[in-house]
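Below are two complexes that have chain A in common, paired first with chain B and then with chain C.
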Partner chain A sequence: MSASAIPAGPVQIGVEIEEQFHTEKQQRHAAKLGMWIWLATELLLFAGLFLVALIIRVQHPDAVTPAARHLKFAIGATNTAVLILSSLSMSGAIEMSRMGWQRGTVRCMQVTAALGTIFLLLKGFEYYKDFDEHMMPFLAWRPYELAHLPASALFVDDYYVATGLHGLHLTTGVAIVLVMAWQVGRPGYLARHQNRIEVLGLYWHFIDLIWMIVFPVLYLLNR
Partner chain B sequence: MTADEKHELRRRMRPPAFATLALMLLLAVNVTLGILVPFRHVWIVETLVVIAMILTVLLVSMELPREPPVIRFFAGIGFCWVGFLVAMTLVDYLTR
Partner chain C sequence: MSPDGTATPPRQNLPATLRDPRPGRTTLGRPDDYLHAEHTLRSWLWTIDHKRIGILYLLSITFFFVFGAIAAGLIRLSLVVPDGQIFTNDTYNKLFTLHGVIMVWFFLIPSIPTTFGNFLLPIMIGAKEVAFPRLNRTSWYIFMAGALFTMADLVIGGVDTGWTFYAPFSTTFSNTYVLPALAGVIVVGFSSILTGLNFVVTVHTMRAPGMTWFRMPIFVWTMYAVSLIFLLATPVLTITLMLLVMERAFHIGVFDPALGGDPVLFEHMFWFYSHPAVYIMVLPGMGVISEIVPAFAQKKLFGYRFVAYASLGLASVTFLVWGHHMFVNGESETAAVAFSVLSFAVAVPSAVKVYNWTATIYKGSIKLDTPMLYAMAYIGLFVIGGLTGLFLATLSIDEHVHDTYFVVAHFHYIMVGGTALAFLGGLHYWWPKFTGRMYPEAWGRVSAFLGFIGFNATFFPQFLLGYMGMPRRYHNYPPEFQLLNVASSMGSLLLALGYLFPMIYLVWSLRYGKRASANPWLAKGLEWTTSSPPPAHNFDEQPVVDFEPYDYRDREARV
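Up next, the complex of A and B:
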């Protein structure tokens, strides 16, 4: 269903109560608590990668600085701004859904997905440039630009794992946002599952937050 | 959308809009520091800016203060626990 075919005016919102819950409020809180606990485990996963990058920086500053300078600082900064804007559109989707504005919710979610896609395209271009500049030490068949600084390969490998894992999370996020935008466009969705948009919003903001740590840890510190 | 509804939407969107503005400004500060590197220990300022950005997302975008105590507790525990782990590990490496 195209966004223009969706009713513009406010529709009823609510949550269909599952049998294990007594009230809508209880179900809303349980859903958010579950998401927060999962996000905490995700934070642990990413924290290990950040820690590896910081330790390599501390132990081998002479090797890491040239590697960090090879990263595309401008693309990293632009991508941070893109994700900040996507968080705003996600907040817009949440507020629109709370007000029952079905079309507005769908449009905000589409904008969010579009910004997420722009991030991924920029990241893909950055990977291409890295490949072009021989900055992929894990490719045994291709010479590595900083082969004379073996410790830099550890940092660059960690960069690919951290940004690749973040990219995987973002790709999943874009897919879920698009599917949910399609669902929101269908009659009665906001009346039964409005809280799902808020839970998805937590995930999206968290992806944004993780990138806010990735950018300084990999691109910025001690350039 | 009526005038009242527009007013209501503007009222609701004010915090996320201010958060976006603040995050962009903080990003601009860090990017400028990253380009200029004005002094040797600039990483301390950059780290403080990142902490401010994280807090902005947690408190405004993720609406943590509006959540019930149990959610605030688990969210707080999650971030503080990771903070302790990272800090303890880095203290070890930085003081060798």
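Up next, the complex of A and C:
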């Protein structure tokens, strides 16, 4: 389906009520609450990694600072900006879907997915640079730059686990945004499932929020 | 006899005035309940009906329970002799790991929430379904995938770390199949999270008109509290076990000192989940007892609001006491004192509940039917388990009995004497609602007594052994401990009978049991206003709640 075939709108919007609910309001409330709760568990999942990072920092400040100086501050900062922009376009998608602007919703979601992909590409480049600078202590066959500071490896490992888990969440997010953008482009989707875009929006903003914690805890705090 | 002269159908055999708070419906000659809606295997495996999912969980956890119990029996068999000649040390380690992992992760934690919770929570608040029925089905599949995978690993390969997976033994030194077991436990954690999420959203958004928060049965309150623990604690366990996996598989050092890590950090993160997990296991049992006791005393639950608040209080305080598992691990004195005081604080909401149950029984018209016998056993054993918990929270005594059989006996009093007996009590109490059949009462009472006596015979000697200094997890012991160990093993035989009998006669009752009426116990609560078993959408029309919880009538109106 060529993109120009998507009507600009406004089209009718609404929510198809599932069997177990009595009203649309009830269903919207349940869906949003469900996502919020899921996000709270995600925050706690990451909280374990932040805790590890902070404990390592307190216990081994001399080892953590040189390791943190190896992180690519410029790439991290750029990525922060990229994610903030992607949240902006996701908000645009939600607002437009509320008004029934079908084409605008699809475009905004595509922009969101593109920005997410840019983040992942930059992150991948950063990992390559880390590899290049011998900053991968878990690779037994490759010498580690800061081998004289054993505790620094803990921080670097935590960095890989945290950013890797975040990247996994973002990859999932990009995939869902792309699939849903395709669905929104089909006729009648907004009339049946408008609230799914709002729920997805919550998830997307939350992945950004996690990065807003990862960035200071790993990149800024230890410089 | 009904007005047209036909025989009264069994479900209608109570006068309408007794079937409170509103009459059940006629299901004469028309079995349209959830069990008979469809009969294919696919209709069970692909169901989104919360009641059928509850039954699927019931079958699954019973299956896991049997494996865990067999392992326990073999452990007790091995400990009959002091020199450990029945199994090799290696086999013994694998057996107690199998027992611990299966019983904790795949029986106790999911037991009451996923079976009774799934089945009853929507009915008790007057909803047609849980908020996310397909998610509910998904969480069963996730549970089964993780649990079966881990169990296959434990049975075929074997793991020797104990259920706690302490690092660095689990990441560096154990030569057994730790990785698959960890993977399975992580997967099952997601199932818990999804169940908790479903329950919280259901309680918030699906309550029937008039069902205010303080009209909800205590069982629903405890399910809500448990769901909060699932949601707040399980993710921390997930990331902790993921870090274990990373350390074992990729040598990413976090916990192993040789790799620069901190093993005590693992204990902190592990117990941050696993102490609240104790309340995941105990709170639902308290909810079940809070339903059974008023029904069989025919009396309003004493201090309803306090019991509700106590549930939330336990769910909160339990997050602040994890450090009492590390009293002897070089914890700072300040931290140890703080954790000790906070652990004492747990006794307050627990005692509130016990006092409220006993006050409910006081001057009630008590019927000592099977569920009530289990409830009484629960209260007694929970008190012993709780009081010995205070011993362990006391720093000086913990120094003496830490990692001995005293601890083993203490937590079995809470988990087996508490949760497993509450589970059996609830199973008998709601069996007519689940299946539409009554179980044989005499056999039920015999099993309740066997369970109670067998339990005490098994675990009371372990208090003595622990106090005398027998360490837990050991395969050999000095010969002077043999008498008490043999007593404990003999008791476990009785306990096994107490489990075996219900499994047999409950299955028997499915075909031969008396048909149950909508409200065989004359109990209150929305689940007793619908037919037994309930129709596919629980109620014919949406109930409107205009009555208070546990609204048992005055004495003179009782039968």
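General remarks:
As a convention for this text, the second predicted complex is superposed on the first by the 221 of 223 C-alpha atoms of A that agree within 3 Å, B and C clash if a C-alpha of one lies under 4 Å from a C-alpha of the other, contacts with A are read in each partner's own complex, and residues count from 1 in each chain.
Going forward, a contact is a pair of C-beta atoms (placed from the backbone, for glycine too) under 8 Å apart; a residue touches a chain by one contact, two chains touch by 3 or more.
Remember, predicted model here, so these are calculated numbers, not experimental data.
Within the superposed three-chain model, A:His29 lies in touch with chain B and with chain C [touch as defined at top]. By the touch criterion defined above, A:Leu154 lies against chain C but remains apart from chain B after alignment on the C-alpha atoms of chain A. Of the two partner chains placed by superposition, A:Ile75 touches none, neither chain B nor chain C. Once the two complexes are laid over each other on the shared chain, residue contacts for A:Ala47 go to chain B and to chain C alike. When both complexes are overlaid on chain A, the residue A:Ile213 reaches chain B alone and has no touch with chain C. Look at A:Ile37: by the touch rule set out above, it reaches both chain B and chain C. Counting the residues of chain A that each partner touches, chain B and chain C differ, and the larger count belongs to B.
In the superposition on chain A, A:Ile55 contacts both chain B and chain C. Of the two partner chains placed by superposition, A:Ala114 touches none, neither chain B nor chain C. With the contact threshold set out at the top, residues 29, 33, 37, 40, 43-44, 47, 51, 55, 59 of chain A are in contact with chain B in one structure and with chain C in the other. In the complex of the two chains, the chain A residues touching chain B come out as 8, 10, 29, 32-33, 36-37, 39-40, 43-44, 47, 50-51, 54-55, 58-59, 73, 77, 80-81, 84-85, 87-88, 91-92, 95-96, 98-99, 101, 201-202, 205-206, 208-209, 212-213, 215-216, 219-223.
Only residues 1, 5, 8-9, 12-13, 16-17, 19-20, 23-24, 27, 30-31, 33-35, 37, 43, 46-47, 50, 53-54, 57-58, 61-62, 67-68, 70-71, 74-75, 77-79, 81-82, 85-86, 89-90, 93-94 of chain B touch chain A when the two sit together in their complex. Note for the complex: chain A touches chain C at residues 19-22, 26, 29-30, 33-34, 37-38, 40-49, 51-52, 55, 59, 138, 140, 150-151, 153-154, 157-158, 160-161. In the complex of the two chains, the chain C residues touching chain A come out as 127-133, 135, 193, 196-198, 200-202, 204-206, 231-232, 234-236, 238-240, 242-243, 246, 250-254, 259-262, 265, 269, 542.
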